[in-house]
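The structure follows.
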Amino acid sequence: MVTEPLVYLNGCMLPASRAHLKIYDAGVVMGATVTEQARTFHQRLYKLGEHLDRLFCSLRCASLDIDLSKADLAAISRELVAHHSGLLAGTAELGLIQFVTAGEYTAYAASTDPPPHPGPTVCVHTFPLPFERWARSLQTGAHLVTPSIRHVPPQCYDPKMKYRSRMHFYLADKEAQRVDPAATALLLDLHGNVTETAAANLLIMERGTLVSPPVVHILSGISRATLIDLAGKLGIPFCERALQVCDTQNADEAFLTSTPYCLMPVTKVNGTAIGNGQPGPVFRRLMQAWSEEVGLDIERQILEGAKRRCEEVTS
Amino acid sequence: MVTEPLVYLNGCMLPASRAHLKIYDAGVVMGATVTEQARTFHQRLYKLGEHLDRLFCSLRCASLDIDLSKADLAAISRELVAHHSGLLAGTAELGLIQFVTAGEYTAYAASTDPPPHPGPTVCVHTFPLPFERWARSLQTGAHLVTPSIRHVPPQCYDPKMKYRSRMHFYLADKEAQRVDPAATALLLDLHGNVTETAAANLLIMERGTLVSPPVVHILSGISRATLIDLAGKLGIPFCERALQVCDTQNADEAFLTSTPYCLMPVTKVNGTAIGNGQPGPVFRRLMQAWSEEVGLDIERQILEGAKRRCEEVTS
Amino acid sequence: MVTEPLVYLNGCMLPASRAHLKIYDAGVVMGATVTEQARTFHQRLYKLGEHLDRLFCSLRCASLDIDLSKADLAAISRELVAHHSGLLAGTAELGLIQFVTAGEYTAYAASTDPPPHPGPTVCVHTFPLPFERWARSLQTGAHLVTPSIRHVPPQCYDPKMKYRSRMHFYLADKEAQRVDPAATALLLDLHGNVTETAAANLLIMERGTLVSPPVVHILSGISRATLIDLAGKLGIPFCERALQVCDTQNADEAFLTSTPYCLMPVTKVNGTAIGNGQPGPVFRRLMQAWSEEVGLDIERQILEGAKRRCEEVTS
Amino acid sequence: MVTEPLVYLNGCMLPASRAHLKIYDAGVVMGATVTEQARTFHQRLYKLGEHLDRLFCSLRCASLDIDLSKADLAAISRELVAHHSGLLAGTAELGLIQFVTAGEYTAYAASTDPPPHPGPTVCVHTFPLPFERWARSLQTGAHLVTPSIRHVPPQCYDPKMKYRSRMHFYLADKEAQRVDPAATALLLDLHGNVTETAAANLLIMERGTLVSPPVVHILSGISRATLIDLAGKLGIPFCERALQVCDTQNADEAFLTSTPYCLMPVTKVNGTAIGNGQPGPVFRRLMQAWSEEVGLDIERQILEGAKRRCEEVTS
Amino acid sequence: MVTEPLVYLNGCMLPASRAHLKIYDAGVVMGATVTEQARTFHQRLYKLGEHLDRLFCSLRCASLDIDLSKADLAAISRELVAHHSGLLAGTAELGLIQFVTAGEYTAYAASTDPPPHPGPTVCVHTFPLPFERWARSLQTGAHLVTPSIRHVPPQCYDPKMKYRSRMHFYLADKEAQRVDPAATALLLDLHGNVTETAAANLLIMERGTLVSPPVVHILSGISRATLIDLAGKLGIPFCERALQVCDTQNADEAFLTSTPYCLMPVTKVNGTAIGNGQPGPVFRRLMQAWSEEVGLDIERQILEGAKRRCEEVTS
Amino acid sequence: MVTEPLVYLNGCMLPASRAHLKIYDAGVVMGATVTEQARTFHQRLYKLGEHLDRLFCSLRCASLDIDLSKADLAAISRELVAHHSGLLAGTAELGLIQFVTAGEYTAYAASTDPPPHPGPTVCVHTFPLPFERWARSLQTGAHLVTPSIRHVPPQCYDPKMKYRSRMHFYLADKEAQRVDPAATALLLDLHGNVTETAAANLLIMERGTLVSPPVVHILSGISRATLIDLAGKLGIPFCERALQVCDTQNADEAFLTSTPYCLMPVTKVNGTAIGNGQPGPVFRRLMQAWSEEVGLDIERQILEGAKRRCEEVTS
């Protein structure tokens, strides 16, 4: 039995240490890749169906045809998770990534290479959620900085398609971290409206209402949908509206929402404290509701997981 | 001795069949990659210095620091070419690719993985120029189609940095090929001005002058600079000016210029024939001047190389 | 009695064969024209009041003053329809066009011309609805293609004013038909959002809701209003939201709505099938509701009318 | 012999009083029309070749094919001018208009109509130049006002194609005339740069240099080219540069240039006097050079022609 | 006792005649100032809390820290009003202005100047409401004109922060008054949508609904909020939507709302009458509801106050 | 005799300590102000004529009429400088500021105020150049940071008019200083092109050519014109071109130029070193040429002046 995690790659289940991309795969050469990221709770995949639905939307937008159905990908995903979970302590949770590239760009192939894999490159892999990355921000709040670089507009490629040509996010985060090493870039669109970070949607609380930028310039996040749904159950109204930096700075609370950590308070935008500069009561209520839905204390799991990892490293 | 091409990857010279990227390299995960592509004439690298200068400009824009100097990369590049040339017939020419990604994105690493390579991923590799891809267009002219998708504007990421987050080019080419399977996408900028194709700069002849879009929205191509230089020697004036589709359709001639094939006539834009619909006299003069500079007949080499490849395949 | 249709032109009722515009009318010289198009059901004008209301809005936006009231134009319109209907078989239906130009541009008048008609040119005319144009698309669905040309933005002239300076629609349709001869152009606005076709509004079904682009960049269509109203009666919620190409491609269904044919299914956008690529169930329900409202089976009338016309031509 | 002017229309030479467009010609229905306007000096057409060249550029941009060559259109144009000149006093001059529409839009045809003319509608006609329209502005200078309406950007349709979908010019002039009944609208582009008026190009004198907006957002006027050429002969340097309203207000002089009157001084922009508020010395020099080129005093001809017309009307 | 109004300036209560700004205050040098304007009814401040809340939002957006709390500013404001009211007849009402600049720009200080006041400049002052300015427009309706100058977009500075860098409003009003001396400029945003005037929000009645441009490009006015609230109590639905000039011209009614006069009918936009060109019934109902809320007839107070002022001047 | 500097204000020469603006001057209330800043060399005003020419251009753009001629303002300016120089050591140099506001905004006047000064407020004042502010940057180079806030576009107000509604510059500098307390904001325009800083023009050296952004989005600086002129005398070619951040980062050298300090090297843009991170040879040559033109060593004067000031403060 394989004692390392498995990776699905173009029809094969490989040990993780043997899963690679060719240096001339279109994903490497052109960033021509769509992707999804899911996670487990209690080592079971959460909202896998929603992620697969969106993956197939992204594939359709990119005119990429794969010979796997949603059911195939679901089975593969569950198998990978089951195998990897078996290698880990019961307290760990996994992230799961599915990605599809436009296939091998054979013009760059070396002459001695074997014949290319036909069609798109399909890969599914798993990794232990790195709780230690979020523990600190979860307690004191994330810091956002708006860089001078702008988000790519939908007429170039639509952020509703989850793609991997993300150079602007990389440059934006570098720019934000020159202001504050702990900061994440909150990109503005070409008109100066607030959009999203590289890996999360932003929402704010404004006079009792949960407000999000409209989906035109952002990923239509599955965690975002969950959050809106949870808010509705708590009686918190929701609306979409073009938001500017001033709105986020004058919000009562602000959040990031993303698959791996669910919800994160934001306590600073461009150096200005949000509210009293601490995670707020709506954050607490929403996190608790989310925890109830998934049957575990999300925040505690992250904090304890981070502590364990820290102990492993130092021991 | 290794009987297959070598690839430089993060300090090692590997046989091509063993050169791979990790599935969680930042180049795969985010397209956070800058690159260069050079080629040989008579199996010697052409304008390597210019390509290295531009690579280091791109690295500076991306705030990527590598521990190799231009001289190091030049030596590596020449070694790879020498080795690969030794494996080929004397009539072949090589393309050379250098790329640098932001390194491994360790948050996605599997728990059993070895420690990551620190810092950016640096790769240099070679491939035989696929002459058969250009032979036909070289004789009858390339067809361009302007898709509805727009080029990413410089305030997102600057096309003067040669990057690989190129999803929009991929989508644009798909859109162009729905119009004409032989077509390449000529992207417009957000204001509707003509920019470039995925792999080439566009220039036109207009009343005796060679005209290019300004460098704001395009790669400042090394082949483009060579072309302008050759035109100057032939007494053809040059200017930069914002160009619209109408200008290209009413041009006397139009060209694509790119490292691997140097110069290509354009004979159709959005279905409208340019000039008389055939490669024109200025194309001939410029291609001849370029051939003289590099000491071989570029067009004939491509046509004969393509013919050879065709014979290999069918034999 | 006149045995050909009549045309109202600047105060006169003329036989259709004698109704012309001067070659220097402002409608010809500058496209300075506002217009309306209505149709009959059972040979009676449908929603004539709504069309007249919008015509007078357009006139106000264009600062055009005519010396006819809405009642005058209604009477003229009904008279033209009654006369033309008398010349046709009972199964035919009529289209009715009203247009007002800025009048004769006398600077271009020939010296021997009679004195110009003062003030705007007002014309009302009728024509048999060409059912044969829509029969095929009604059965298999319309194909839409987004061209590279963009819709004129409201700060140039507002699409809510129904005008005839429509060169961009003409060019856009040519561009779309190079992709697919059966396609209609779906224009994007300057930000890449979906707007409308030359003659119809677009709406989509998305997770049970009827969604339209906001009226900023589109004509506020009377058929569109009817559709929204019918949807409401069927319990289908409606909202407006900026839509991108991805949204239309991932819609459950998509429709065009326009005065002459009421409702048309869309089955392809940029080559991607919508839903299962066939007219969908919501289309059927809405078309049936519309048919009930007007007291005849709209779809069958078009299909049978087209068949008759086809037989006339071949016989 | 015909004692009224002739008009060429779709292959026929008709008396002017019998030349009309169908009410459903695409030029009427959609403004889908390209056009040229030339004029005579000494009753001979001036720069006819340049106008025909540009007409064929416009046709190519609009994908309109006509079955007439440039030589055919030149012969027709000269014949119309010769005939019309024979009917006029020797002091008159003619304007000549060529226009091509996308043809009859048969969907709107009445059932009793004769078969449509196939292909585009081609029309050429002449008219006596209305000198009285320009006499006053020529003496005291034109007034320009920038309206809130913007010029249509090239990504909708390119102003380098001389088209007739000009609703925005009509609305802009109305807006300008609310400020000053003698004013003409100077349209700004979407970025607020100065472009052109409905019928003329704008140029300014700035510290000894003749400056024009770049051709991106304006018609590449034949009179503009003549003016630049004349300026060169007088030793006045020329450049293109994006101009804003401030630049025109602080110019030493400003001009309009257009086929029928050649050159017109501008003395006011948005109520601010240009220079000392009078036609300036460079205007005088350029007008004189132009007069010498065409062999008559252009300004005097306009003023005397206007006086004659005035006397005719009052006698 | 001081017999002239007092002004609060940087910690001191000064007689109005001695309250000045240094010529090198940042408010003078850079317009780096945020502000609020409130008013009294029955000589008591109306919605002071809302104004202070917004002032502190503006301060946060501008990163200006002052050492006064909201309570401090409220106390100062009330004291100024009480003192000034004591100097006036009982029929007068006061305007109250609070402004905070970025402090003294000491680089421009003269060498002999005393040490600068540290930190921001804080000023509060009062003035009798100049009813005579509004009486006429209140009776016959305000006239709006859209100038060619555009509103500053939020990515430069956000209109939701009440700032005093208002050069564009000044230039816009000058432009509007060239059309109509009684007109106020209604600025368009960069996309041609309607925004606001220098001192008021615009709202329209459209088919029974009160419609406002979205708050992205406008001040989130306190009077606007009051108006929406009053409308709700009268059963008038409200929505936000991007509005163009055509929409305002075809509105049933249009209003300006602003702190000093509360509500003003708009009867002309760009020379086109709104509705029947008279203040409409919804204006009357809203003005009455507002009057009831504040316990006096707002319109009558303005008209009578204006009449008194007129009599003072002429007597 | 007055022993403090004098200030010209609305017709009076006042001691500096008595020169103030009313709190309701339009310059305070609306930032409706145009301005100039000149300086002395050897205590004589440098290029006063050019500054006055530009002031009158700005006045014309703002439609502000003052009753002073250029000669009047020149005389006033010289008188102020002569007086202030007499109060200073011979080593000091003066800055001179002229500004004109739209006058008193009387609607905000207190009832007891004296009658307002009619017409615009005109002020001229002087101050010792604060050499200590520039000494450090002159030696080690200025640091620039591009903030997320964008420069106000010319269609709002044209940067070629030197105005004081500069809130965006204030906010931009705050944003830049969060990255690097020593940094100055380099604003981008709405398209992401480099423009200017709050008080200086930027130029770069690129392959031997001095390059500036085009004047569309920047002040047409008098120091900038001097620099271009000096470069020409040294044989350094000059051109204007849209520049992006990448261009500045890859420049050989970069400079700021501004009236008070003439020329400043830039050594960092967004944290990336320019060239070798030190002031470069072209900077030295240009500074020397400038020093020769004005007859003193500009850099040494600044460094020694700063040292003196430092000694004064610490002694």
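All chains are identified by letter, namely A, B, C, D, E and F, in their written order; residue positions are counted from 1 within each chain.
Operating definition for what follows: a contact is a pair of C-beta atoms (placed from the backbone, for glycine too) under 8 Å apart; a residue touches a chain by one contact, two chains touch by 3 or more.
What you are looking at is a predicted structure, and each value in this text was computed from that prediction instead of being measured.
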item	value
Each chain counted as touching chain D and chain E at once	C, F
Separation of mean Cα positions, chain D and chain B [Å, integer]	45
Chain A and chain B, separation of their C-alpha mean positions in angstrom	32
Computed distance of Cα centres, chain C from chain B, in Å	47
Inter-centroid spacing, chain D versus chain A (mean Cα positions, whole Å)	58
Numbers and ranges of chain A residues touching at least 2 other chains	63, 148, 150, 153, 155-156, 188, 190, 192, 245, 271
Those chain pairs that satisfy the touch definition	A-B, A-C, A-E, A-F, B-C, B-D, B-F, C-D, C-E, D-E, D-F, E-F
Footprint of chain D on chain F - complex, ascending	57, 60-61, 63, 153-156, 158, 160-161, 214-216
Sites on chain F touched by chain B in the complex	188, 191-193, 241-242, 244-247, 249-250, 271-272
Interfacial residue positions of chain A with respect to chain F in the complex	145-148, 150, 175, 178-180, 188, 190, 192, 245, 270-271
Footprint of chain E on chain F - complex, ascending	3-5, 7, 9, 16-17, 19-33, 62-63, 84, 87-88, 95, 97, 99, 102, 107-114, 123, 125-128, 130, 133, 148-153, 155-157, 163-171, 174, 190, 198
